[in-house]
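Labels run A, B, C and D following the written order; every chain starts at residue 1.
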C-alpha cells in the first residue's frame, strides 16, 4: 500500500510482497537447518564478494536458500528452472530483499531462456543449476563468462548425467557438486519422504482402509523400502517384486513376501510402482487383477504402469470417480482404479515431500557453496560428490534443531579407532 | 424446483437421480458385506411383509442399507437424522427405488420433525434410529403406533444412553438392539478406522513428516491404540498418557513410552487426544510445549483440548495458515498449531472412516433387523447387545469378500472343546 | 537326610538353607510388585491372626509369596501341589522363616496326600490352591475344618472348572477367588510371557534364523497374538490359522496372512500351535509340509500336534538331533523336526515365563487374600473373579516399580466422566 | 591314533567318523546354497586339476565347503586356523572323504604351525585363509611355493588389514579376494544374524522379559541396527547412542530415541554395546545405572564395556548367578549384571550365528574360488572385493532354496535402463 499517488500497480505489488513474505515465513519455520546455517553465514560471511547465478524453482523454500546465501555475503541473480513452478508472490518478496529475480509464472519458452541470460548477466563466480540449462548456456552461448566461474552445484539426476558426459568429453570447465545425492537427502527424500507422501497420496485419492489390504510394492530400492515400511506400518500385508536378487533377499529377510509380478498381480489390492523402469505393470498383469484394484506410481516418470495397455483393455473409462482417480472398466466387468494417470502419486494426489526434506537438500546446497568458495582454487573441473563433511554437518544441525544429542569420542577412543584402522 | 407444467423439473430430477445412482453405486462397491447380505435377503426374503421406519443420515451408504432391507422384503419410510448430512441426489435416487424418503438438505427444525412424523406414518413393525429422536416421538406423540412396533435398532452411543434410561424407568415399550457396539465394528471403526483417518487428517492439514517426530497420544483405549499403532508405523516415537494403570501398563509392554501429560507436553511434536474426557491438554501443558507443536483431537467431543486456555495464552491467532490449521502465537514467541479447532480431526481434516467401516456397521444393522424379525416374539422390551451370531456372521462375510478362508472344527475337535468346557 | 546324632545332617541342612535363601533372593529381585506389597503388609498387618493352608508349587517364587503373607500377619502351612516341582533348598529355607512346610521333591502319591492333610492340620481361615486338590480334600475328608474356612484362592483353569461344578451343585462351602484370570496376568502371562518364551524355546532348540522364515501360528487368542507379534518382530512372515471369523478378521487387519491350515501347511517353515484344541496339525497337513519344517506346540496340553500321525508317517525317527528336537524322516525323504515331543515348548525348551510374570499373578493372589480377609463376612459361597481393584492395584504397583507415572483426573474431569456415564 | 595291529583304534575311529558324518549332515541341511553350488560344481568341474591349501576352523560347516570344492575337482589340504575350534570327529570324517586334514583339537603352538606347513606341502594353486597365517608363512618361510600360487581368499577383517598392508608395500604376490565383506554376508551376518543371536544370548543368560523394558543399543551400524530391530520386535523401548550424526539421524527417523550415553545410562534396563570402539560404557555411566541393569556386549572385542571400572566400583562380585551372568554389587546396594564377562554375548551365551549365515559366506567363498580359477590369469596381485556377480549369485541361489522367485527384465526394460544410464 505504498505511494501517495498513481500506481495502483504498486498496490498489487505490495500485497504480492506481503503474501510472498508470509509464504516464505511459513516455509522457513520448517527449515530449521537452513535457518541455522543462515545465522552462521551472517556471522562468518563465507561468501563475501561472491556473485551467484541460480536457475532454480522459484518457490518459498528456494527463497529461504537465497536468503541464506545472501546472509553469507553473496550477491545473487535468480532465474526460474521451470516457469510452471514460479510463485509470483515469492518472486516479488525476493525482489524486495535485494535478490535479482528474473522469473514469472507461465512465461513462454523464449522468455524462459531470456531470464536465464539475464541471471547470467551478473557474471557469476558460482552457479546453481537444476537440470543443467544454465550451465549449458554458459558453455555454449555465454562462454565469455566462463573464465570467472569457479564452481557450481547441480540439483537433479538428469543434470548430473549431462554434466558427466560433458566432463567425459573434457568440455566441462569448472567443478560441479552433485548435490542431489547425499546420505541425508537419500534418507529424508527417498526413504522417509517418498514413503510417507506416497501413502498420503493414495489415502487422499481413495480414502481406502489400508489395514488388512495386500499392498504390492514393485521395487525395493530406497524409495520402495520407504513405501513398504509405511504400508506395513498402516496394517497392510506387503508383497515386494524385484529383479535384483540381493534386494529381493533383503526384502525377504525383513519379513516381506517376495513374488514375481505375475503372482503379485493376483494377490494385490493396491499396487505401487517405484522401480525407475518402464512397463512394470503390463497388460498380462492387469488381465489377472482383482476387481477394485488400485494402481499408483511413485517412480519419477509415468512409464512404470503401462497405461496404454490399460486403455486398450478397458471398455469404459470413468474419469475422476474420486480426486485423481480414474476407473477403467474391463470387458469382464472388473474395475481397475488408476491414480494420477500413472504419474507421481505423491506429488499429484498429495503435496510431495514435506518441507523438512527441502530443508536437508538446500542445506547441503548452501554448505556446498561455502565449500566451493573455500576450496575452488584446488579443484579441477569435473563432477564432485557432496563432501562427506557437508553431509555430516547437515545431519548434525538437523539433530540440534530436533534437540537430539550424540556422543563424542574420548581421546582414548579416538586413539583406539585410529590404531585399529592402521591395523597396528 | 419443478415447474408448474411441462415439467422441465423432471429433467433436473432425472439428472439428480442419475447422480444419486452413481454415488450409491460407488458406495456399494466398498460395501461387499452388505451387498452379500442383500443377495441372501433377496433369496430368503426374511423381512417379507414388514414395515420399517428409519431415521438415519440420508447418504449413499444408508441407501445401500435401504436397498438391502428392501431386497429382504421390507417396505420402508426414511427420514433424515440430520438435515445437514442429507445428500439430495441420493434421496432422489432412493425415491426411484421405491423407498419413501422424507428428507431434504438444510431444512429447518420444524420440517425435520415433520419428516420424522411422515416416516412414522407407515406404521412400522421395526424402527431404525440414530440418536433416539424417532423412538422418542413414538413414545410421546405417536403412542397409537406403539402396539404394532415389535423392535428397533439404535446406531449411536448417545441414543443408547437415552434408551437405557427409558428401560430403567420401564418406559421403553419394545426391544432395541444397540448396533453401535460390536466386536467387528470396534475393530474396524475404533482401532483401524480412527487410527488411519486421524493420521490422514493430520497429514492433510500439515503435510508434516511423522518419521522421527515425537507423537503424544492421550488415551490408550481402542481408538488411542489404533492411533498409536499408526503413528509408530509411520516412524514416530510414541508417548502414551493414561489415567488407567492397567491400560498404561499394556502400553508400556507394547514398547510405548508412558508419561504423565506434564512430561509429555515438553517432549511432543504432535499431540492427539482421544480419551473421551475434557481438558486433557490444559493451560499448564500448553505453557511448556515446543515451538511448532501440533494439537489435534480425535475424541468425539471438542472438549479434550482446552481451546479457551489456548486463546487466553495467545497474543495473536492466525487462522488457516494451512487447511484446517490455526496458529496461536504465545507471548514468548512460540507458535502452537491447532487443527480443526479441536474438533474431530479425522472427520474435519480428512474424510472420516473409510466406507469399509460403514459396511461393517450397516451389515450388523441389516442382520440385527433380520434377527429381530425372527426373534421378536420372544423378546421383552429392553436394550439388547448385538447377538454374537450377528457379529460372527459379519466377520465371516467380510472374510469371504476378501477371499480369506478359516478352518472348521473336525467332529473330534468339537467333542474335545465341548468336553473341556464341561470339565469332564 | 539328618543323622541320628552329632548332626552332620544339620550341616547339610544349613547349606541347603543357604542355597534356598540365595534362590529366593534372586527370585525376589524380579518380583518388585510382590515385594512392595510385602512392605505394605508389614506396616498394615491385614492378615493378623489368620491361618492359611496353601497347596502350591514349592519354588522360590512361591516362597516370596509366603513371605509376603507372613509379613501381613498370617500363620502359614504349605504343601506341594506337585512333588516334581519342589525345590528342597527353598523348602528348607522357608522352614527357617517359620513357615510350616510339608513338601519334598519326588515323594510318592501317598506322601503327597499326607502332606496336604498336614497342611490342613493348621485349621485354616483361608486356603490357597493350585488344581483344587486341597479344597477337594477339605470338602470330602476334612469337613470338620470347613466351618472355620472363610475363603480361598485357586490358581489354575482346571481348578476353577472343578470349583464351578461344585458351586453349581451347591457343594462349595466358601467363596473362592479365581486368581488365574486377571487383565494384568493375561497381559503378562499369555500375551507377552508366552509370546517371548515360545520363541525363546524354538531358538534354543534349533538355533534357526527366523528372519525371512514363514512362521505359521495356529490360534489367535491372547497367546497366539503374543507369539505372532514376537515372530513378526524377529523378521518372520506370519501366517495365522483360526476357526473364529472375528479373530481371523482381526489378524487380517493387523496385517497377518490368514489361511486355513491346509494352505499354511505348504507355506510354513515353522509351525506353532496355541489353540487349546486337539489335532490342529494332522496327518493331512504333515503330508504336504516342506523338508525341514519345525513343529512346536505352545498350547497347554500336548494334543495340538497329532504326534501319533507323525509317528505313523515316519520311516525313521532320530531323537535329540538338537536339544529337545526329534527328526522324523518320511517315506519321500522329507524331514520334519518335532520340538519337545509336542509338549509346551516354552517350558520344555526354554524356562517358561520370566519371573516378572509370577510377580503379577502372585501379587494378585496376595491382594486377593487381603480382600478376602476384609470382605469375607459379606461373601456367599461361590467362585469370584479377581476384584477389579486388585487388578488396578497390581498394575499401579508394577508401573511404580518401573518408575512409570500415569495421570490423575482433575475434579472437573471426574465430574465430566460421571455426568457422561449418567447420560445427563 | 591308529594301532599298527589289532586296531581297537579303528573302532574308535569309525565311531568318530560316523559322529563326524552325522554332524556334517546336520550342517549340510542348513546350507542349501552351498549344497546347490556343490551340485553344480560336480557337473561343471570348474576346479579340475587345482590344488587348494586351506587354513580354516575345522568344523562341520567347513567340511561342507571342502566337499563342495572337492566336487568341483580340487585336491585339498586343510589345516586348522585355531586348534580350539577343531571338531575331531569332523576331521576324521573329512579324512575318509579324501581331504588331507592336518588338525587336532587342543594342539600346542608348534604343532599348529607344523600343520600349516603340512597343508602347504600340497603346493597349492589357490589358498584359503582365516586370519592370514598361512599366507604369511607362504610369503616368508615357503617362498619356493609362491610361483605356483595364483590366488587366495581371506575370511576375516583382521586378515584383510594385514593383506592390504602387504599390498601397499608391494609384498603381496598374488590376488586375494576379501570374502568377509559382501552385501549378502553383511545382511545375514551383521544385521539379521547378530540381531537375533544377541537377543538370544541375553534371553538364555537372564530369562528377562524384554517387553516394556528400555534397551540401550550403543552403535547404529549394521549390527546395531539389527540388534535394535530385534529388541523393538520383542516389545522393548529402544534407545540408540551414536557418535556419527548421520547414523544418529537415521536412527531417529526410524523412530528410535537417540540420546548420549550419559542420559541413556539412567534410562536403560538392558545395555548392548556394538560399536567397535572401547570404553563405550564407562565408570561415569555405571555410576548412574538402575539397580538390576543388564550389561551385554555384541561387539567383536571385549573392550566396549569397561569391566575394570565395574570391578573397581563393585564391593562384591557374585559369579554365575545365572548362566554367563555375574552380579556386581555397588557400594550403594545397586546390582549390575554383566553377561559373558563383556565378551561377545551371542557367541558366549547363545550359539553365534545360525548355520544359515555360514551358508552365505562359505558359498561366496566357493564361488570366489571358481572366479579365481577362471580369472586368475588376468588378475594382478592385490586385495579384491568379492565380485558383484558372486554376491548376486549367492542371493539368487538362496532365494531359489527358499522357493522365492524374482522378476526378470523384458528386452524393452533392458533397453530403457541402458539408455537411461547412458543419458541418451
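Throughout what follows, a residue touches a chain if its C-beta (ideal position, glycine included) is under 8 Å from a C-beta of that chain, and two chains touch if they have at least 3 such contacts.
Just so we're clear, the structure is a prediction, and the values are computed from it rather than from any experiment.
Listed here as common contacts of chain C and chain D: A, B.
Of all chains, the one whose mean C-alpha position sits at the greatest distance from that of chain C is A.
Looking at A-B and A-D, the interface holding more C-beta pairs in contact is that of A-D.
If you match contact pairs by residue number, over half of those in B-D turn up again in just one of C-D, B-C or A-C, and that pair is A-C.
Computed from the mean C-alpha positions, the centre of chain A lies at a distance of 39 Å from the centre of chain D. Between chain A and chain C the centroid-to-centroid distance comes to 55 Å (mean Cα coordinates, whole Å). Multi-chain contact residues of chain B (touching two or more other chains): 188, 192, 211-212, 232, 235, 249, 252-253, 402. Contact residues of chain D toward chain A in the complex are 161-162, 164-165, 183-184, 187-188, 191-192, 241-246, 248-250, 252-253, 258-261, 263, 276-279, 303, 391-392, 395-396, 398-399, 402, 404-410, 412-413, 416-417, 420, 423.
The part of chain A that touches chain C in the complex is made up of residues 211-212, 232, 235-237, 249, 252-257. Chain contact summary for the complex, chain D toward chain C: residues 26, 29-30, 188, 192-193, 195-196, 200, 203-204, 207-212, 229-230, 232-235, 292, 321-322, 335, 350-351, 354-357, 402.
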